[in-house]
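Structure below; questions to follow.
Chain naming follows the written order as A, B, C, D, E and F, and within any one chain the residues start at number 1.
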């Protein structure tokens, strides 16, 4: 059962009021404008045992995403296509309010929003992931872990996911005469085939003010968010209104415009980080 | 762990006392005699996506039962027979005291009592449900949902189950040379093969009074119930004593006589509703 | 999540203090010396439906262990070897503080300590448990149930496990031309192949005193235990420090010496009980 | 099942509807006896039951809020409501939609009237033929009204889809499965608030504008149906008294 | 396993028993150290252990009742007690039988003596050869007596079956598996109450009457065994003191 | 994967280390923003993050103790940290190691300073290449220090293995998989206490003595690294202030 959440006790009411009043005047405590996105720091290939991975810092929010390729059976209605599974967990390291245990509705919603954007835009080229058509295909597991929570987990997760997918390489496989598949992860044959790119951009609403990329303090005064998936060619690849409030039609259209501009830029940042890493220049770590 | 239930707070103690006193004098608040069954309203084929279904109203108790046929593997010890799976859930819509979640012991007991009656009387002719003998058979899933709870859930469920089974048709299947089975639910080839018919009749005991088909208020004063499965040819196809009390031998025999008479009539009601529906005269709905 | 346990309320503080003071003087309430093990009573073959079983009483601690052999698939990396699965449950019969439900961390730790000792010492000869090499092997399920808890559950469980394994016989199997395996448990073809033998010996520490085989009252004053697996040839086949305290190097070495001596003797006791039983002299039961 | 032709040569849809045409909508209020309020809503063959218990006290006191009622909501599908039998365990989709439906009705409930209580909304999908979440929002909103929970407005919902390149109103399951986009929208028309907005699929900015307009148009029609049903129910009660 | 001949030509059963003959019944009381009361009951090869904790306070206070003790009961099978290994997860059968066993002992417990407490009964099936639920009821009843819980009567239980057309007492697993009906019955003989009655199978009214009579006859014999065991236990304790 | 040669002809190990040589150890303290304390510890390619929340009050009051803080600990592996993807459900191994890690740090925490509170330690294995539990203990101990929890000593841990007949320090995954024994040890060097000791494998008494000596030697080196990192962190903070 989904239930009205208790207000997080993280941000004291006085501070929340200050934040809300500043936002109404178009000012943010961090000095950002309403449409400023926080700096994003991306470490490509952070986890050696993953087939692709990324650590993303969006302000003080930290997310690690990893891709594992496993040999599995295709869906009966798509016998020559790979499969995609996206999971997200909010780790108890990220916030004193996060409990260990299976993903709650927020983590499930986050994973499903990213999953749908990847799927609808055909980000991964599933048609190239058959190993033995009709029998064995690659299953692409994307696992997202939020390690530190300073707001806007969806966007940070979507950036980490896109980076991890772009960082993923297919291991060598051998198929014997009986159709058994042996994977040799020590040899990498090609990058994961990618068709398109997508990130989400979150626009928050407090009273009548719209602003992008809320941090944790700002989220304490947000009742409604629009999470907008943006493709590299500037189309809308998904929307999710979230939170216990509503929006007017004009607000939705304004939020879209903010998101489309921001999203295309974020994808460019990811692309440049990934090619930097491919040419061996990525160095940063979690510290 | 099973534990002594708390008395439901639904019926106030004063009202419960009145009900108990009336019952001792052979009178029921509804005007029924001790052996009167409530009127039953049956909608045959209530759910389009089910392979067979029924909505049953027993007084103000509402139950919907549906049958889904799935292709499955036979049990090793009966390679040419179909399989039967009966589940029941008490929906939170039915009572402010029902919590969402997996079936509790009462729902499990209800499902198992109906399951055993169907199985022991061979209601569904399992020998005719092989698709590829030894490899693929029909699995008959009967799912029972209690939507509104005004007492005697078992009988309402058993009536809905029998009706749904009589309403079930087998979809067309095609088996290819590899033994793969394709189901086409848009074409119906034959009714589910039925050998016998069964319903349960519940006889309740309060102090020394026996009465049939208790409603929710009456259940608040009942310590012991006998659920008696009755076949269309007037035999006993199952018994379950339920509740934290006991019965004397003579009471058991008296309850049986009530149940046998009532059960045979209930089955006739179901049969006539099903044939009405087959000839296109069923109309009622949940409203 | 593992958490600091609440002190069990079973043993009153006054009594605990007395026990601790006595131990410091090298005296135990039972009259045992610090290195005395409690008498062990072993019933070989206690459970008819098991393929091997034993009931063990260590003082007032009672454990029943049973072995079931099931036909299963081998691990891909050991296609011609059987598999071993060890589970333990602390039954609510054993203590008013044990709750029914899935095994807690203590039961899981116990099972894994015994599992590792069996595995590392290759107690069961897995290479002889293939039925159809690469396809079908015996899976050896060892299930341990603690029925009465008077301390030192690990050792009692390890003794019961070893006895049950030595009591286990392989049923007859028939493999048809399709590779299907039929098991006939009414015919027994050979004992389970055993390479080596192992039991654990637990040495407890209270302040600076080491003593073997703590009973439940003694466990109330124990902060640290070393569970030491001992092989029939006097080697160390596993160690697990348990409890919220620590030990000095010299204490560890002293504990080892106690354990090695005790363990070898315990294995001899088990061996003689098993051969007694094989010649038909075992009689005792749970009463 | 082969991909059907979603837009016919005459411009109508696979079931004969015009692009901007709703399926037949049926609304029944107060269909259950033991719930505080209930409603059965049908969009074509999609059939959804909603029941409300409360406002009431609950044993899980730590969830309650000092200044308003909390809303708890479960979206649940009966196992036989779908083409393939749905396993009884709650799916991730059901968990997400329980949140989405809750957040669609929460903005209109005057929860401040009943502090320290819970209002429980249970949605049961009896038959699923596309649009179950939108029918669920409409049903939940009517069940709340039937329970006498004070509300700022009714919320009604409908999905717009893009199928065969055309924007169409109130898509059914075939159109959802084989179409290019599905955009469910919930609206509280009198207060001008969208309380649910999802897009599954890819649209340009212009297509999105059009789709939104179409959704609001459909919602207005459903709103009229819903208010009419409430009026009928209310007057019947008056007469019966 | 092939269907064995259940009734031999001489009219005896597959294990040589007469139709109205019990298996050897063994009863041991007070077999556990840390439980308030315990009993081990064997019907032939069926071996069932019951332990009682309480009456006691429990952390789950919301379950407790102001005017009497609640009884909590778990029927559980050890994994190796059955022919095929039983998975450790509680089965639907175990959940049902926990309720059935609880409701079989509840009528004789004088729970009003210990309000606001719980009496916990744990039944462990160690070896299953038919009749585990009836042996469980007998064992639970004796464990309660051993724990000093005041009771109106002992409850004992036994199953009657119809096998090969013949009504037989105390059926074992083979008879249960291949027979036509299985009817477990629990009785508190001194107060004339049946506290468990189930029928799995199809009987006519007359067959049922006969079966019931046979069950009551068998129960009387078990009742004597049980009382004798209690007497022995009690006297031993006296002597030991 | 074929069994690699674990000890080369020149006496060095498969990765070129001497038998008594640690992998490169990296320690970062205070890497997370929202935790009371945190540390990232790397032993070669093994990468483990620990975070501490508390001392704090918790809703589960029945767990708390009147005379000291309780420590709660979870050892958890990210799904992609291992060769084969780890299923998200907690494994029995993770449950055991949560206990083992908790019991390794508990002896040095001065829990009596904060009665009726909980100190929560969350360990996340980001990349697993052998020695995750020992890196976890070191990380947990540093995260506690970073959180300002008063401690009697730091605890650091390292595993000794027997591979190809040779005792070696700080074994990696290949050595663990193909070696003969694995013995993780945690030590609080200044107070001379071993707080974790496990042996998986078979050793003689003499081998065990040797192994223990080697472990204590390795632990001393890690202890220096850990103290240095704490000093750096502390001084940086001073300077920043």
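Operating definition for what follows: a contact is a pair of C-beta atoms (placed from the backbone, for glycine too) under 8 Å apart; a residue touches a chain by one contact, two chains touch by 3 or more.
On a predicted model such as this, the values are computed, not experimentally measured, just so you know.
Student: Touching both chain E and chain F: give me those chains, sorted by label.
Tutor: Looking at chain F and chain E together, the chains touching each of them are C.
Student: Smallest number of touch links from chain A to reach chain E?
Tutor: Contact-graph shortest path, chain A to chain E, evaluates to 3.
Student: Taking each chain's centre as the mean of its C-alpha atoms, give the chain farthest from chain E.
Tutor: Looking at centroid distances, A is the chain farthest away.
Student: Go ahead and note the Å separation of the Cα centroids belonging to chain A and chain B.
Tutor: So the centre of chain A lies 48 Å away from the centre of chain B.
Student: Whole-Å distance, chain C centre to chain F centre, using C-alpha means?
Tutor: 28
Student: Can you check how far apart chain D and chain E are, centre to centre, with Cα atoms defining each centre and the answer in Å?
Tutor: The computed centroid separation for chain D versus chain E comes out at 52 Å.
Student: Rounded to the nearest whole Å, what is the centre-to-centre distance of chain B and chain D, using the mean of the C-alpha atoms as each centre?
Tutor: It comes to 31 Å between the two C-alpha centres.
Student: Going by the contact rule already set, what residues in chain C reach two or more other chains?
Tutor: Residues 1, 100 of chain C touch two or more partner chains.
Student: Specify, in ascending order, the residues of chain E that touch 2 or more different other chains.
Tutor: As it turns out, chain E has residues touching two or more other chains at 74, 120.
Student: Record each chain of the ring in the order reached, setting off from chain C and passing chain E first.
Tutor: If we begin at chain C and move next to chain E, the sequence is C, E, B, D, A, F.
Student: Applying the document's contact rule, which stretches of chain A touch chain D when the two form their complex?
Tutor: Chain A reaches chain D through residues 1-4, 6, 105-106, 108-109, 111-112, 116, 120-121, 226, 231, 235-249, 252-253, 256-257, 260.
Student: What does chain B use to touch chain D in their complex?
Tutor: So the residues of chain B touching chain D come out as 46-51, 53, 60, 62, 64, 66-68, 70, 87, 89, 91-96, 100, 102, 141, 143, 145, 147-150, 185, 216, 285-287.
Student: Help me check something: in the complex, which residues belonging to chain D touch chain A?
Tutor: 63, 65, 70-74, 92-93, 95-96, 98-103, 106-107, 111, 118, 120, 181, 183, 188, 192-205, 208-209, 212, 216
Student: Mind listing the chain D positions that touch chain B in their complex?
Tutor: That would be residues 28, 31-36, 38, 40, 45, 47, 49, 51, 53, 56, 74, 76, 78-85, 88, 120, 122, 124, 126-129 of chain D.
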